[in-house]
Amino acid sequence: MEFTVSQIAAMLGGEVQGDGSAKIRMLAKIQDAKNGQIAFLSNPKYENYIYTTQASAVIISKDFKPRKTIQAALILVDNPYSSFTVLLEEYHRLVSFQKTGIEEPSFMGNNTSTGKNIYRGAFSYIGNNVKIGDNVKIYPHVYVGDNSVIGNNVILHPNVKLYADTKIGNNCVLHAGAVIGSDGFGFAPQNDGTYKSIPQMGNVIIEDDVVIGANTVIDCATLYGDATIIRQGVKLDNLIQIAHNVEVGKNTVMAAQSGISGSTKVGEQCIIAGQVGIAGHLLIANKTGIGAQAGISKSIKEEGVQIIGYPAFDVKEYFRSYAIFKRLPDLNDRLRELEKKVKGNPVESQSD
Amino acid sequence: MEFTVSQIAAMLGGEVQGDGSAKIRMLAKIQDAKNGQIAFLSNPKYENYIYTTQASAVIISKDFKPRKTIQAALILVDNPYSSFTVLLEEYHRLVSFQKTGIEEPSFMGNNTSTGKNIYRGAFSYIGNNVKIGDNVKIYPHVYVGDNSVIGNNVILHPNVKLYADTKIGNNCVLHAGAVIGSDGFGFAPQNDGTYKSIPQMGNVIIEDDVVIGANTVIDCATLYGDATIIRQGVKLDNLIQIAHNVEVGKNTVMAAQSGISGSTKVGEQCIIAGQVGIAGHLLIANKTGIGAQAGISKSIKEEGVQIIGYPAFDVKEYFRSYAIFKRLPDLNDRLRELEKKVKGNPVESQSD
Amino acid sequence: MEFTVSQIAAMLGGEVQGDGSAKIRMLAKIQDAKNGQIAFLSNPKYENYIYTTQASAVIISKDFKPRKTIQAALILVDNPYSSFTVLLEEYHRLVSFQKTGIEEPSFMGNNTSTGKNIYRGAFSYIGNNVKIGDNVKIYPHVYVGDNSVIGNNVILHPNVKLYADTKIGNNCVLHAGAVIGSDGFGFAPQNDGTYKSIPQMGNVIIEDDVVIGANTVIDCATLYGDATIIRQGVKLDNLIQIAHNVEVGKNTVMAAQSGISGSTKVGEQCIIAGQVGIAGHLLIANKTGIGAQAGISKSIKEEGVQIIGYPAFDVKEYFRSYAIFKRLPDLNDRLRELEKKVKGNPVESQSD
């Protein structure tokens, strides 16, 4: 990809100072940028770089007053950082969706349909009766089980595994090694101490605009007709466990290595930190904030609470208690000291 | 698959009311069931559905007294839920084992033998000197290392990885992305601060009737001739870590994201919740129950104890202590209050 | 591989007693060893085995005084255990690097170069503009993204996934399912409650002598030109999460299921136990020791501290506090008892 400074300025609604015809092929940080690259200056403490940068162009605040001459072409905007982010996204979109075509060998089952601008990498496997939308990128070693449905503009990174009957909406990104639709962990204890597997016959539904991290696992629902559901806009980090029949509400975000047990429903716009565990069959209210490594053992009914600990309770109270936990030996000594003083000194003797 | 209502009734030892010749192709919940599907009614609060369901048949208690006319054929049994479970299992068995044959391209090494009714998916890789039993299903992207032995009725879901020399018994199910036999984490610290890898030359033995979850990892033993052993009937959930030389006892169940460190032996019929960590070189007695997120730092000698916390101790005591932990600031205030009262009030002055 | 006892003795600088021409093909434990295998005796409690072992040779201390006749050839050395370790390493090296050649089908992109003694397994995928050094072993189902660079003597076990632009040094081992370079977890909250993905355009740099465990995930850095860096000699266990822009210092060791959040810099020679969580944007000093399941929420400035808990503090203090935590109900009772005694007994009344 290659754009002129003027084209980029137009895209950002910015004003060009200097050579608008300079060619830009890449984005970079101002201190590292080379010829053919564009950077931005937002934080004043980096100002000196703008006088020495090799960048062909720099995005800068329209209020910026240079103290020396600047080699690079400038694009003057209201907010250099957000303008740079817009560029990053555009660049990323172009890169993400540039791959098209089919690499061989790849496997395609019967009665399967794919849309426009598909990329199907070598050694990718697509089963029978699968429907795939437009602009879908299926990287090498991806497995798509029978009867799965995938929307438009979806990226399945290398080695994503979709068990049969998985449904994925539009604009989703699944990272390498993510497993969708594995059997839920359901076993019926028998009298002889063994466990009988309870067949897991539901599926997983992932709505639009969902991101799923590398090596994250989402189990299917138990009964036929049921689904484990990841609602629109949910972002799951790496190595997360989502058990059978769980529902994760709209725009909820979960950090790495957290887990949700079977049949729990998490509300919308929750923020769940890393290594959190949530027990099964709970309801977590909308906008709940859960601190790192917390263990949630009961439902959260009130919206917007911030909790931590195991079992989790109010964050502020937890840290107040924890501050004293750190001084417990001292507390114990003080108590012993008092006991000495008060010893042999019963209440009745006082009241004389 | 397609059965008549009468065939299913016969399988369940139930009695048919209505059209025994109706065709059943699928199982469903009574509120969702469609024509060609069979459901069950167990919980009275769902009774109304039986008068409106589209199901072709419903499994119901022989004691059920309908209040209105019912369209669906009925199968009268003692326990509708357990009868339905029997059906689910039968259906699941049929589905799980229906795939057979070899998809190409797939890779098969030298001197390797496979039994009857094998499925070998496209892009599956089987090394040299491998023995595979009957009714084994090897999904796409599975890797079976050299000298591995796999029993009968085993399902290796997409992308399961077996390092060389792995032994798997009968009736095991390994889910997508499970890694069996990776090097144990063994490093000898050197004087210069670096670590030398200790070669890991043992293997992993998985006995009969074991289930292993998606992206779970089981390391091989260190010395040649040693094995990390998963005993008969063990069920491991997703994203679990089993380190080198660990032994997990018969019918023990572990929930997701738990981990066991090197050389620990876990007893039989233990129930280990999610995100539990067990230190190395420990012995965990039979029937131990370990609560979520617990950390086990010493051996458990007594059978049947229930523990939690880190370091873990008795569950009831933990929660009693934790209840007071939550009130520690209050406790501290009460203590300070007492100190004020008793101040300048030494024991000797009391004893006058 | 096959060596004579004399060849092995020469390699170890040991002295042979008995048949130096005996053939050795494998290493084993003294209690299990068979003909053609070599074992060692170090721990006196195993002495009896040396008189009964089927091993063709045993490595033993030059100070050992046999009480009976020994069938096996002996190799007398200063330290039998370390000599055996040397053998193990040699054997392991030979085994690890014996595979060479190209299995088909495998995929190789354009403008990609590979060194000498390469193994490329079936169904392995190498993208465009990739540089691969000598003695690199690429197992089946490995994915190497475009523009990646891999040094010499690197082993990529089955199903390792390297996103585009990954750099790996010499003598590294990556275990099955490891994912390198997945997108960092970066999302900008929008006013409507949704999150906009922040494009992740950096890469991952892994220096020499690094080991990465099975199903471990390392995210790429955010900005183009930035890298998530794993320094020389680092050893990462299985199922670890390393977030975007993290740096892990030289010879630091992390146990399974631990995680490091974005932009944190961990020092050199740290020892991080299992299931530890480290928050983002922190600095962890060199030689920090972090206990199992600890949560690190602030930077550690002093070198060599040992911490645990969440938030983590000094290990000894933590266990002192925890000992009293276990007795909190008793502490509370004692406090209530005192309150009773001192009740109605205010300071002023005392001071009369």
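Per-chain residue numbering starts at 1, and chain names A, B and C are given in the order in which the chains are listed.
In the analysis below, contacts are C-beta pairs under 8 Å (C-beta built on N, C-alpha and C of every residue); 3 or more make two chains touch, one makes a residue touch a chain.
Since we're looking at a predicted model, the values are computed, not measured.
Contacts with subunit A and subunit B are shared by C. Homomeric contact subunit B/subunit C is classed as different-residue, with under half of its interface positions used by both copies.
Rotating subunit A by 120 degrees superposes its CA atoms on those of subunit C, with the angle stated to the nearest 5. Distance from the subunit B centre to the subunit C centre is 26 Å, each centre being the mean of its Cα atoms. Looking at subunit C, residues 105, 123, 141, 159, 177, 215, 239, 257, 275, 293, 325, 331, 335, 338, 342, 345 sit in touch with two or more other chains.
Subunit A meets subunit B in the complex at residues 105, 107, 123, 125, 141, 143, 145, 159, 161, 163, 177, 179, 182-183, 185, 187-188, 193-201, 215, 217, 219, 223-226, 239, 241, 243, 257, 259, 261, 275, 277, 279, 293, 295, 297, 310-311, 313, 317, 320-321, 324-325, 331, 334-335, 338, 340-345. Per the touch definition, subunit B reaches subunit A in the complex via residues 26-29, 32-33, 85, 88-89, 91-92, 103, 105, 121-123, 139-141, 157-159, 173, 175-177, 209, 211, 213-215, 233, 235, 237-239, 250-251, 253, 255-257, 268-269, 274-275, 292-293, 322, 325-329, 331-332, 335, 338-339, 342, 345-347, 350-351.
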